[in-house]
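Okay, so chain A shows up in both of these, paired with chain B first and chain C after.
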Partner chain A sequence: MKKTQYSKFAAILSMLVLVGLGALCLNQTVSAAAEGSIAGTVKFSGTAPHMRGIDMSKDPYCVKQHENSPVNLENIVVGSDGGLQNVVLYISDGLTGNEATAVPSTQPTFDQKGCQYIPHVLAMDADQKFQVISSDQTTHNIHPLPNAMTGNIPWNKSQPPGAPPIVTSWKTPEMISVKCNIHPWMHGYFAVVKGPYATSDKSGAYTIHGVPPGSYTVTAWQEELGTQTAKVTVAAGKPGSADFTFKGK
Partner chain B sequence: MRSKSFLRCSWLMSAAAVVALSLSARAQLSTVQQQEWLNSPAATSHIGNITGNAKAAAPVYRRYCVGCHGELGDGNGEVAQWLQPPMYPKPRDFQLGIFKCRSTPTGTLPTDQDLFDTIARGLDRSSMPIWNTFTKDERADLVAWIKHFSPRWQNEKAGTPIQIPPEPEITPERVKAGQEVFGRVQCWKCHGVQGMANGPSASTLTDDLGAPIWPYNFTDGSRPKCGNTDRDLYKIFMTGLDGTPMPSFVDNIKPDEAWDLVFYLRTLQPHNAFNAKERQIAKQLGLKPVSPQ
Partner chain C sequence: MAKFFAITIIVIAIASAIPIVRHTWDPPANISTHGALIDEQTSETMAEAGISFVVSQILLALFIWKFSNPRPGDKIKTFPGGAKAMVWAGFLLVGTEVLALGIFGVKAWAEVYFTPPAADAIPVQVQAGQFAFYFRYPGPDGKFGPAHPELINEGTQNFFGLDTDHDADSKDDIVTAEMAIPINKEIHLLMHTKDLGHSFYVPALRVHQDFVPGLDLSLHFTATKIGKYEIVCSQLCGLGHYNMKAYLEVMSQEDYDSWLKKQAALQ
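The block that comes next holds the complex of A and B.
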């Protein structure tokens, strides 16, 4: 008895979903030419936290790469004008049409160079192919640590000098921590999101391309400072704009 | 025109329906879902011609396994708190579906046979004993039972086991070539140039859950975690031990070179029946440890 009720309910629900989707499909405008964008700046207010210098003495090769320019951790990178780098910006609400499901054909690259991850945070779309390469003459192991319960599965592969690129993708949106066990200071992120995205540059500036007119919620994610959201409207021929400020402790 | 776009649309809709259905199957399993799974014909394991039945394993699991692995299979049994890594690694969390000992590529589920073998073999240098006291049927049942804890077994198939070519004849050239591989892919970064688990990165290693972990010491007479046959060694470095710092080298070591490496690794282990030939060759060659570059 209970079971039939449940399946009835499920049937009605899926009918509703399908009808809704159908309506969306029929309303869909054919042209996607009116693509807009959302741009802005991410700032850090307060005193930028001290980023500890990295001791690479465990691997002389790594030390040699930075003989004249010591490197610091990159958990919070603040530019001279207060711009906050490596913040991932994506549309967390409001996407309806193709742009929500379309996967970019570009293939972003995550490089292991000078025993650091370049970039420190690599943003990508779910199911978008990306590649992991090594420019170093030392062995790295690339070990992403997603939560296996989300549908993304952790793996661990070595990349000795001259190793071929690893080309792969992630199924589900998730901020995936990635590390090298051989060089414990190497730590970065695969920021997997759904739909158009951008990463803030040295000055904190970003532009999310390929956003059709509409009202959206934009989320800014920083690995230590968390997330912030803003409501943004994109009109035809008029890009949206959203600035974010993360406060220091 | 209209009908064409409508066709495309309905295709999209069915795709969306499939996605919605598969999404609902993700995340941790509820008790109801677990019961449904246990009652389904999928709750079995197949090892050779033995078929394991999950439900049959419940009493065995509750008697012998639950103390460490827990009622929920999350590795939080009542004695788990007393196990302190790295000396005593924490019990496996079956809910994650991540296993060290696999014949399948990194990031994939192990085969039933892999789990079956792990139970009987135990895990050296851990609190997981050799469970060869179980009958084969009991072990097969336990494999099916283990699989009911993780949603991954419902959404994914086991990986395809890596191809292992037949073991070639051991020659001095092969031992030497194996040492070159050991140096080239830098096994010594963790395992040390003499395999003494004292490489430069050895002391900082942590597992996926952040607990400290030691690399395998080839010289102390212990067994590798996932078995000590030549094929076991081959599998260990080609598939990696998921959940640990040990990566997969399958993209960077060719099958033939992999056998060379197995032969070389044997020379690092203390003298025994299984590596007498390898050690003799190493002695004749006067092999010195690789130099860390």
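The block that comes next holds the complex of A and C.
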């Protein structure tokens, strides 16, 4: 009798310890994620390259959406202050433990609006769910072209007006170009990375959240200008910083 | 039963001829200088084939009506001269018809394919590709720059693979997604496909020509009516075939000049 009581007590105690330890671990991650970040600006030096105007005459609906505001290609978008938009920033080295494997629960959206992809470059974590929606009253076709050898499987789906969102994810980090088979000018990217990431805004500014203290290599990727890297250190309570400058060809 | 079958054949033959005779599904009004000849040829073909069709169906019905229930003892009658003579007769009948159509049609065909375009015809290049048409105008220098297929990139909108950094002739080339042409001016259309077989079909222009991979084909025509017309692909070319189209705008010379200027600014 006595022996069983002891083992019961031991079992309850060890469970309590386990639960406590688990809670402690979770708590640590949460606080670390909340405090650390890497911020900076991406600039373009030199004369911004000429971006061709887009001729949408194939589809009168698309032409109508831009009657008073002609659109140009978005391969290199430079702001008035030299800020470079649509650059994807991610940690290519230095991540350990949870931050490398944790998948964000947020669901980024890739919209088809005015026969353009919004955003032009959508960054996401591997295995993170994202959705493709259409705000247009014309049928679109979403055709991502990953390298099948990476484990990402190419697909090709149509989305007529009012169709439900396509919710899916990518398995492996890769910069995947996306096109529309109906509107040949529609081109964009799914930038699939591992770990925390950010995309530069109109002024070229970015902030990667959820980075615990440590030393990292940050990579900046631009679809035409390539990649750049920088070493960054994040200390407790002190965010890291890295600025990048891409030169014109 | 045989009589019912014979009557059904006659009813179907006559019913199918009614919309043709009444011009229920006529093509859109012709807008080209060569179109009248094509229309004439089409109606001749329709008349010849239609009359042969109706006559043969009536004959078929008559034979079924008369000979489907032979009484015992009836002799089987054969075509005079036997099977061989019947094949010859059919061959001669159909052969004469085809030959006659060919002779009538020579003029329409020659007008489009055997006559070279006028020296001052406006050259326009059209490139078909899954699933869109793109057009190229040579610009002020009147010369098309060379196309480099390896430089074709939809992401940068270089649909023709032009190297504007190195080829002087390419610098002023104008690439558009719609085709605009001036009215009453001959157009020399240079056609090629970047992937597989497509077709350039403008019903109102009476122009219908396949793109053949590896071949540079050319056509010439003159449009005579201002308006916007559809250019469609009529060769099943893949999933997006149903959506492979572009527009042809026939404009006045002034409108065409300003359109070309506007397009040049977009490059």
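Just so it is clear, the second predicted complex is superposed on the first by the 214 of 249 C-alpha atoms of A that agree within 3 Å, B and C clash if a C-alpha of one lies under 4 Å from a C-alpha of the other, contacts with A are read in each partner's own complex, and residues count from 1 in each chain.
Methods note: contacts are C-beta pairs under 8 Å (C-beta built on N, C-alpha and C of every residue); 3 or more make two chains touch, one makes a residue touch a chain.
The model shown is predicted, which means the values in this text are computed figures rather than measured ones.
Superposition of the two complexes onto chain A shows a clash between chain B and chain C. Of the two partner chains placed by the overlay, only chain C lies in contact with A:177; chain B stays clear of it. Within the superposed three-chain model, A:73 lies in touch with chain C and out of touch with chain B [touch as defined at top].
When the two structures are aligned on the shared chain, A:139 is found in touch with chain B and with chain C.
In the superposition on chain A, A:89 makes contact with neither chain B nor chain C. When the two structures are aligned on the shared chain, A:122 is found in touch with neither chain B nor chain C. In the superposition on chain A, A:53 makes contact with chain C only, while chain B stays out of contact range. Touched residues of chain A, counted separately for chain B and chain C, are more numerous for B. Of the two partner chains, chain C is the only one touched by A:187; chain B is not.
By the document's definition of touching, of the two partners only chain B reaches A:153; chain C does not. Note on the chain A alignment: of 60-68, 96-104, 222-230 or 240-248, the part of chain C that runs into chain B is 240-248.
Annotation: chain A residues 58, 139, 141, 156, 181-182, 184 touch chain B in one complex and chain C in the other. Residue ranges on chain C touching chain A, taken from their complex, read 129-134, 154-157, 159, 175-178, 239-240, 243, 245-247, 263, 265-267. Those residues of chain B whose C-beta lies close enough to touch chain A in the complex are 5-6, 9-10, 12-13, 16-17, 20, 26-28, 95-98, 106-108, 150-152, 155-156, 184-186, 189-190, 200-201, 204-206, 208, 240, 242-249, 251-252, 293. By the touch rule above, chain A contacts chain C in their complex via residues 52-58, 70, 73, 75, 139, 141, 156, 177, 179, 181-182, 184-185, 187. Taken in their complex, chain A has these residues touching chain B: 14, 17-18, 21-22, 25-26, 58-59, 61, 138-139, 141-143, 145, 148-151, 153-161, 163-164, 166, 181-184.
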